[in-house]
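Common to both upcoming complexes is chain A, partnered first by chain B, then by chain C.
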Partner chain A sequence: MKLIKIARRNLWRNKRRTAITSASILFAVFFALIMRSFQLGFYDHMIKNAIESFSGFLQVQHIDYQDDPSLEASFPVNDSLFQLLESVDGIKTVVPRVESFVLASTGNQTKGALIIGIDPVKETELSDPANLIVHYRITKDVLEQLNNEDRVPQSIKEKLDLIAKKSYTNTGTIAMDLDLDEKKDKEILDVIGEISYFPGRYLTKDDDGVLVSDRLSRYLNLTIGDTLILFGQGYHGATAADLYPVRGIITIANPELDNKLIYMNLASAQYFLGFENRVTTLAINLYDNSEKNMLATQNKLNALLTNKTIVVKNWEEFNEVLAQQIEGDSQSGQAFMALLYFIIFFGIIGTVLMMIHERKREFGVLVSIGMRKTRLATILILEMIFMGIIGVVSGTALSLPILWVLHNNPIRLTGDMAQVMEDLGFEAVMPLAWIDMYVFWQGLIVALMVVLSCLFPLRKVFNMKAIDALRA
Partner chain B sequence: MKSIFLIILIPITGFLFTVSLQAQNATEIVKRADDKMRGEKSSYSEWKMKIVRPTWERTLSFKNWTKGTDKSLVLVTAPAKEKGQTFLKLDREMWSWNPTISRTIKLPPSMLSQGWMGSDFTNDDLLNQRSIVVDYTHEIIGDETLENRKCYIIELIPKPDAPVVWGKIVFWITKQDDLLMKSEYYDEDEYLVKTELAHNIKNMSGRLIPAQFELIPAEEDNQKTIVEIGNIQFNIPIEDSFFSIQNMKRVR
Partner chain C sequence: MILAISWKNIWRNKTRSLVVIVAVMLGIFGGVMATGIMQGWIEQRVHSSIYAEVSHVQIHNPDFMYNEEIQYTINNYEKVTGILDTMRSVVTYSPRVKQFAMAKSSWAASGFVLKGIDPEKEKKVSEVYKNLIEGEFFEGNHRRPSIVIGSKAAENLKLLNYQVTEEKIASMNQEEYSLELIQKIQHLGSKRFRKERDFKNALQEVLTKGEFSEYSNKLVKYFSFYRTGTNIELTIQDKNGVITHPVFKVRGIYKTDNSAFDAMNAFVKRKQLNRYTGLNNSEVHEIAILATDNETGVEVAKRLKKYLPEQDVLSWRRLSPEIAMYTDFSYVMAYIYVGIILFALAFGVINTMLMSVLERIKELGMLMAIGMNKKRVFNMIMLESIFLTLTGAVAGMIFSGIIVQILSRTGINFEMWSEGFEALGYSAIVYPSVTWFNYVIITAMVVATGMISSIWPARKALKLNPVEALRTE
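For the complex of A and B:
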């Protein structure tokens, strides 16, 4: 107890020295936390975009589908297969899909497109296209009208460029892009909403129409009610060609998908491709998305399937590209953090060394009046631990509010940066990860560094000769 | 002196003469075999095509009208879902008409190497068949007996500027009746790409011709396409206007 008291008093005796050392630890924790959180948040976001709300965490596929994703590598489905899959614990949804590449055309413009046949009711539990339907579109005409509109204040007119050519599902996002408050500026938003209103609806249960992704619809110059020509090869190489009315435009966060996606009714897709009762995948989402649970459920399902031509794959298997992207980025991020830690580590050692040097005379006096070196060392370790705790706790405390705010209000990139991100196939958002175990790990790593940085000064204390120290 | 000259000269000219005669002969054989199937002036035929794949098979039927060397029209008559599609070939260009989407599509050159209706026949096969006479030099390189018929083996090498895809073609044509029994198609590196076999030789509309053909791609296992003639007529009168984009939509 006495030693703790002495250590505390030592710290308080020279407040500035304590502050400098603690601050270096504080910054170490702060930067490491923010950086890691950005990384993890970005991965979470990618997984949410591409996996949770598109492909599902698990998929049932034909065994050849992974290597050759064609209609030939498909399988027939029936109610008993659905019942079997849905009976397993922890499975949230099982959604049937037919996916194929075709040519989409309006006569003059033609582009390759990915058609996905969906069950409009079930699909709301996974990718939920109903929520992606575009209701507001800021076209050139709309911009002009808004600029001539008296009800829109000049200050907002100047900002309209920010939303030019964009499509929105709700006015809330428009408010966010224009930096408006949804409640306070309700009137202005209502005006913008009224002028930019875009009709369009989700598919009904037996709909014979299609939903077209925003970028694709703009390339093909399509709007609601237009006829879309789809042309391609169906099951067993049969010709697939038909006309479809456009029911709605959907906006998808992932720009790559937004450039090529067409949703249609499962039955329409099956008829179009000559693909009766067959699907290319069954997408599965789970209640618990942790890696451990995902793999356990995957094994359970694979054991249950009696048909050996189909197999359950997890997203890291069927979306190797994303898994590797995350893996690679995570590793380079960790290497960067190691560098950061390295620099901070030497910062801490530097301050500790200086402290020892400053207090050499003090130590000499203590040893010569009979203090054992082990006790002296213990005091030093306690001092370091206190400073470490102050640094780690205050660093975490400082970053938590920032993490919290940026997690709930992700940074939305604009302009060129956004363009670069979108060209790379990412949504131009930089969210932070929610506070989780990684906070603890960053704190622990810094604490370990503090302990390590004690070793050198301790050695100095033990090798110290009282007589030399007194003369210092 | 003179006599020595003659002794040398005569065999040389004789040799040259026989070579050119033989080349002429090979070209003649290929031309006759080609005309035989196509009709010298025009033809109308009904076909059944079976596409065989490792895990499935599919059959479709079509009608084919040809006139001269460069006009051809194909109408798909079965299965129901694909019925009514037509393909028109005029000279070196090709169009397709699809009744469901009411659109004529001009096939771009990039699509020529794709399979026709999902079969092993490429669009290019339909388009370029006639060029076997004009775009290649022909030479008899041996003989062999196939299905009890004595055949010449004729090698076709493309002429330097010919717009063709093959590096070499080898034909087996019967010495009697000029029937093309077998053909092998090689790429530029002389690798075998596909083999076409003729079977079931019988008399149709007064001509002795093979009624069944089998196309086997060399690189794919358990995969082939079989076409069979149901009915064929030669040298029937067809107007030039029959082979038009307008008629693609009308023909039945």
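For the complex of A and C:
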């Protein structure tokens, strides 16, 4: 106890030194936290976009499906399989899907397309295509009408180029693109919404129609009620061809998918492909998305499955590309942080060295009046730990408000940056991760660094000769 | 005079100065390496993107850009080429027919964009022919038309096979693989595997568990090969919307840094493709142009637009905004990194300088008492601080310069994330690149850091009253 008191007083005795050392630690912690939470937040965002709201965290597949995603690598499903899967704790939803490549045509335009057969009701729990239905479309005609409309002020007419040729699911996004306030400019938005209104609806339970992605629908020149011809190869190489009415247009952030996606009812897809009760994947989402829980659930499910031709895979296995991108970026970020910490580490060693040099005489006096060197060293270590704590705590405290604000109000990118993000298939926002274990790890690393930085300088104390020290 | 004094002052307390110098050295080393890797990466990305994918300028029929429909060919092709032939800064150009096609091999189906090209012209514009990993790029005359596809498309069509051949066994590195292991693999004979998983299963049977987990991935890569000489059936639409199914022979497979490009682009001779599309020799969808360099390319696009108002003329900056953004921001990002590192270093420098001033109160008082004016004292301390940082920075720059030089020849291999990087168009092997200009800027930033972090200690020194300072112990 006494040692702690002495250490604290020593710190207060030279406030400037304490301040500089703590400030350098504060800076490192502050910067590392902000940077790391940007990274982690971004990964969460990517996973949310690509995994949670599209492929699911886990998928049940035929063992050959990953290497060879064809209709032959499929498996039959029945109620007992669903019951088995849903009986496992922590499983939020199990969604059946049939995926296959076909040619989509309107007669004179033909294009390769990916059909996904879905259960319209269950699918709302995962990718929720109902939310992607286009309700407003800014075509050439719409632009012309808007330009001739008296209720739209001139200042907004000049900005209309920003939304030309785009499709929207709600007026909120139009407001964002035009830099309008959803509440204040409600009247103008209502006018734009009224003129650009585009009909279309989600699939009903037994619908025999299809939903077509925005870019594909433009290519094929399709609109609601038009008939789409699909033809390709069904199960066991049978020829598949049929006509489908278009019920709705959906817009997808990822341009690659937006160029080729067609949703239809699971039953229609199975009938079209001669697939009976088979599916290509069962997508699974979990309540707890942590890596640990995901792997545990995956193992549990794999043990439960009696049919050895099917297997449960996690997203890091079936979307290796995304997993590697995250891993690569995360590693480079950590390398930079390690460099930063290394520099701070040298800063701390410098401080300790100076402190010992400066107080040589004081130490000499203490040792010659009988203080043991171990106690002296303990005091010094305590001082360093205090400074470390001050730095870590204040650095964390300083970053918390920023993390809080940016976590709840993510930065929305604009211009080229936004374009790049959208081209990669992600919404153009940069959310921050909220407090998690990583904050604790940062603190631990700094604490370890502080202790390590004491080691070399402390040897000086142990090798010190009281008489020489007194003369310094 | 002051210079010499300052320099000597630094070395009065060697340990203390060395701690700061080493910290600065490491910081600058890290900063230069990060800068080099980032710039190298972006330079490679920009180069491969321009010289394999988009070129400097592309001309299209404005309607073609919207849906890439086959009937929207460039109007007045002869007029366009006439202008291009005489225009200054245009190095060369290549006309292309572009048409989406479904492709079917005996084992799988996939879709890609067919580019009908004139091989000799295309070779001058795009470096794809330099990236061939198998086969040839439209050499010789064959009865069956040739197609050159990307490695990713070949994988999709199941043309990537695995086979333990005698030659490959013979050339296996004996240092890397033990003789025993090689003998075990020989048991697999010359059976051909079409799926990675089947080959892995076969390996699993002959190898022990330990050997399998250590070598399987390496072996899979080593024994993989792309099959050329197979026929693939294409499904394309001709000018009138009629669907045809021509058969092409795969005679070449290329691999760029961008796996998405490799999956989506296949090349055939324009003349041969036109037999099925029904287009004539002066109907093309795209003209790709190469200018003398990247920036001239943008300017060429502007000039062309004036001559060809009815065409859609786009420079690489518009065709690939992502690349344009990276070229603009890469330097800024690099300096932000160095800036953050220097900011962290500044704490150490301030601390050291403050100590060294406080330690020398008596001495400074003496110098002032014998007539050294305040300006000189200030300069002396500032110079000490600059020397301190600059010594470390120069050491760090020399050190990192050497390493960057070596790595720019050998490259750094990020193979473990290659798929992820290549999906974004970045090579898995980076050749770091640092320019002289980088060093100049970094040096300026270091000097500025030295100056700024000397302000507080120097002010401390200026506030000294010589009489009082002399009295301190």
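To be clear about the criterion, the second predicted complex is superposed on the first by the 340 of 472 C-alpha atoms of A that agree within 3 Å, B and C clash if a C-alpha of one lies under 4 Å from a C-alpha of the other, contacts with A are read in each partner's own complex, and residues count from 1 in each chain.
Just so we're on the same page, a contact is a pair of C-beta atoms (placed from the backbone, for glycine too) under 8 Å apart; a residue touches a chain by one contact, two chains touch by 3 or more.
Because the structure is predicted, anything quoted here is derived from the model rather than measured.
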Requested in this report: Identify the partner contact of A:112: answer first if only chain B is touched, second if only chain C is, both if each is, neither if none is.
Outcome: second
Query raised in the report: Touch check for A:23: first (chain B), second (chain C), both, or neither?
Result: second
Requested in this report: Name the contact category of A:162: first (chain B only), second (chain C only), both, or neither.
Outcome: neither
Query raised in the report: Where does A:353 make contact in the superposed view: on chain B (first), on chain C (second), on both, or on neither?
Result: second
Query - Partner contacting more residues of chain A (chain B vs chain C) - result: C
Query raised in the report: Where does A:237 make contact in the superposed view: on chain B (first), on chain C (second), on both, or on neither?
Result: first
Query raised in the report: With the two structures laid over each other on chain A, which partner does A:72 touch: chain B (first), chain C (second), both, or neither?
Result: first
Query raised in the report: So which positions on chain A get touched by both chain B and chain C?
Result: 107, 233
Query raised in the report: Which chain C residues qualify as touching chain A in the complex?
Result: 13, 15-16, 19-20, 22-23, 26-27, 30, 34, 66-69, 100, 102, 108-109, 111, 158, 195-197, 235, 237, 241, 243, 321-322, 324-325, 337, 340-341, 343-345, 347-348, 350-352, 354-355, 359, 414, 416-421, 423-424
Query raised in the report: Which chain B residues qualify as touching chain A in the complex?
Result: 51, 53, 55-56, 58, 79, 81-82, 85, 98, 100-101, 103, 105, 115, 117-119
Query - Touching residues (chain side chain A, partner chain C) in the complex - result: 16-17, 20-21, 23-24, 27-28, 31, 63-64, 67-68, 70, 101, 103, 107-112, 218-219, 233, 320-328, 336, 339-340, 342-344, 346-347, 349-351, 353-354, 357-358, 416-417, 419-420, 423-424
Query raised in the report: So in the complex, which bits of chain A are touching chain B?
Result: 72, 105, 107, 229, 231, 233, 236-239, 241-243, 274
